[in-house]
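These notes open a run of structures that come right after.
Both complexes below contain subunit A, partnered by subunit B and then by subunit C.
On to the complex of A and B.
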């Protein structure tokens, strides 16, 4: 899921792949509140998982965001 | 209170004739038409237009351009060129004393149409949060302010197809009133979208010369049958002449007069007597302190519609007679709507600088009812005073007087 998320961010927001690390926050990647809403839309569209923009903002980093999406695709 | 002349110290152009002032003037000066078949309009009643040749998102780079509608992208590119041409230094300027006044007729209909499709075909929850920040009509000026880090007054003027000229007139007023020391004034437009073009076609405003789009925009020609839609942007840097001199800036020309009026006649048709546009012309001449006999060159509104060109030509004849050399650069560029008046003011500046009136492309057979002198080839001559006419839907008129530096 992390790799898929990374690809989405690169494609949608033109963030260089080299800058996208599991420990990066959305803020580190230069995404503001408008971008976060866009990211939530694209995650839902491409994975079927609904995450709110608040959940995206609260996620500590990309790694934990990927885990959140994964947990909803395959609930334990 | 008469306005003081404004010195034009910088130019930026991004039109179907080219990217940048040099390319645009080369195309306009040579009278090379730019209309062609437009794949984005396939299947519509009119499927040709005048597009810029290089995508603005490529000029800006994807990341910067991503959150801008096309009309904003065009404005940002033209504004950057104008600032560079003016030799303004971002390290030393006072950002609070620089204003941005741009014209725009329609904002970002391309963004609206795309997101409306999302609403209808998907759900409201899929609509982009960028819909409003991208499509609002003020975003060209807002984004130019952000892009250049300037914090003076920033606004968009809307008088439909006269917007670009209105913006330059208002910009000069801001200088006269000492609201700022520098203004980036102009206009941008990107409204060649399926919905907009369907609407224009329903109005009967567009040329139907689908078999030969290149010759469709033919202002003042007996066989003209409507305008060709275009996109683009133009930005002029304006300063008070004393300020421009004090910083050693090169002055391209002066904006010496501005006149605005309303026909108060009809939503779209010009007053057949041309009283509204004549009032704007006479008011611009009075503002500049010149008489009709001083005018050497007129860049007409000249849309290539049957009614506009006749009413405008008769008005020019009445006010100026056949002395000034008239042209309509829309034969080359098509009709850039809210950017047109700004681009045509810039073409007046360039005509005075180069002492050359650009030809009216595709004008081969002047309408027999028209008695003015319209350039059909590049005309060299001593040019000191030019007038640029712009008339918008709603009967809103804006006229600028440009004089040699």
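On to the complex of A and C.
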């Protein structure tokens, strides 16, 4: 899921892959509050998992966010 | 074009609503981002990057929605070459009074006392809702010509201390005239897709002043008398719903995204428009925009943009247009039409009257 998130961020916000690390926050990556909402929409569309903008903002870093999304993926 | 006697069009003329005139009016006072930054904790850079807005028009004290509506309505009638219509429909979030509706007064001021007149209340979706309403009136044979106006004095309901809304919403008015015609004519209104979700009614609201609060006798704070919006959540719903209803409107009209020459989204925020344009895969250069100089004018947004773009030659006869909006309620709507050969009239007192279409 971390790799998936990394790819989403690189694709949508043109953040260089080299700059994206598990310990980076969304703010570190240059995402503003509307970008965060966009990311939530992309996550929902591509993983089926719904996260609120508050949850995205409150996630400590990208690694934690990946864990949050993973934990919500419905078992198949 | 000579005046037509009301009701004389008859079944032979066709009962489809066709756009035959367009007008827009902005109050003369301009407020820039720097003006706002003088008293709000914000900056030109922040406002521009978050919303795309650089300046907006605001009414002077004493001017209200009915005034803007009458100006835009008069220009639209002139554009259509008409002095009479059978109905005046006014889409607004900021009526002159909670009661009565503002449309009858606007009709009277346009020399149209006696015609059907009502307000449409769907916040930023108001113009699309009003279009469905006016088109329906014509289709049912209850009117041959409708003046449809979107007008707002939004600055009058904004909390001046709330930087999240004070920098966004602004004043203005746009109008179109609809006449009965055939579905194949340029200007014929395609299927209107409308929707709502009242479970999210508190995302965009003015809490105080209506029957709910009065009946409950709840104490209301000063802020409750102002417009409030939960921006992040609204952004999310807006992107999803505008995308979805745009697709449905195209489908119902038998069109594909490739058929869209001009995408005219409600000018809420440049980021929402860009997000939707990208999701729909409409080429960016086909999306019209004027939010940088007029801000978010709610129900006036779409007709204002249509008239300005037509007057500037960016919207031309034959262009297939997709309009789409999302607003409080929640509400949303989309529709398609081909722009007709008309001269749209816009007036900005500083720049003077301009009209062009080719």
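Basically, the second predicted complex is superposed on the first by the 73 of 76 C-alpha atoms of A that agree within 3 Å, B and C clash if a C-alpha of one lies under 4 Å from a C-alpha of the other, contacts with A are read in each partner's own complex, and residues count from 1 in each chain.
The rule is short, and it goes like this: a contact is a pair of C-beta atoms (placed from the backbone, for glycine too) under 8 Å apart; a residue touches a chain by one contact, two chains touch by 3 or more.
For clarity, every value in this text was computed on a predicted model and none was experimentally measured.
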With the two complexes overlaid on their shared chain, look at subunit A and say whether subunit B and subunit C clash or fit.
clash
May I ask you to decide whether A:18 touches subunit B, subunit C, both, or neither, giving the answer as first, second, both or neither?
neither
Mind working out whether A:41 is in touch with subunit B, subunit C, both or neither, as first, second, both or neither?
both
Of the stretches 19-27, 91-99, 127-135 or 235-243, which one in subunit B hits subunit C?
127-135
What part of subunit A is shared between its subunit B contacts and its subunit C contacts?
33-34, 37-38, 41
Taking the touch rule as given, give the residues of subunit B at its contact with subunit A in the complex, in rising order.
62-63, 66-67, 125-126, 128-130, 133
Sort out for me which residues of subunit A touch subunit B in the complex.
13-15, 33-34, 37-38, 41, 44-45
Subunit C partner, complex, touching residues on subunit A are 32-34, 36-38, 40-41, 53
In their complex, what parts of subunit C are in touch with subunit A?
49-50, 232-233, 235-236, 239-240, 269, 271, 275
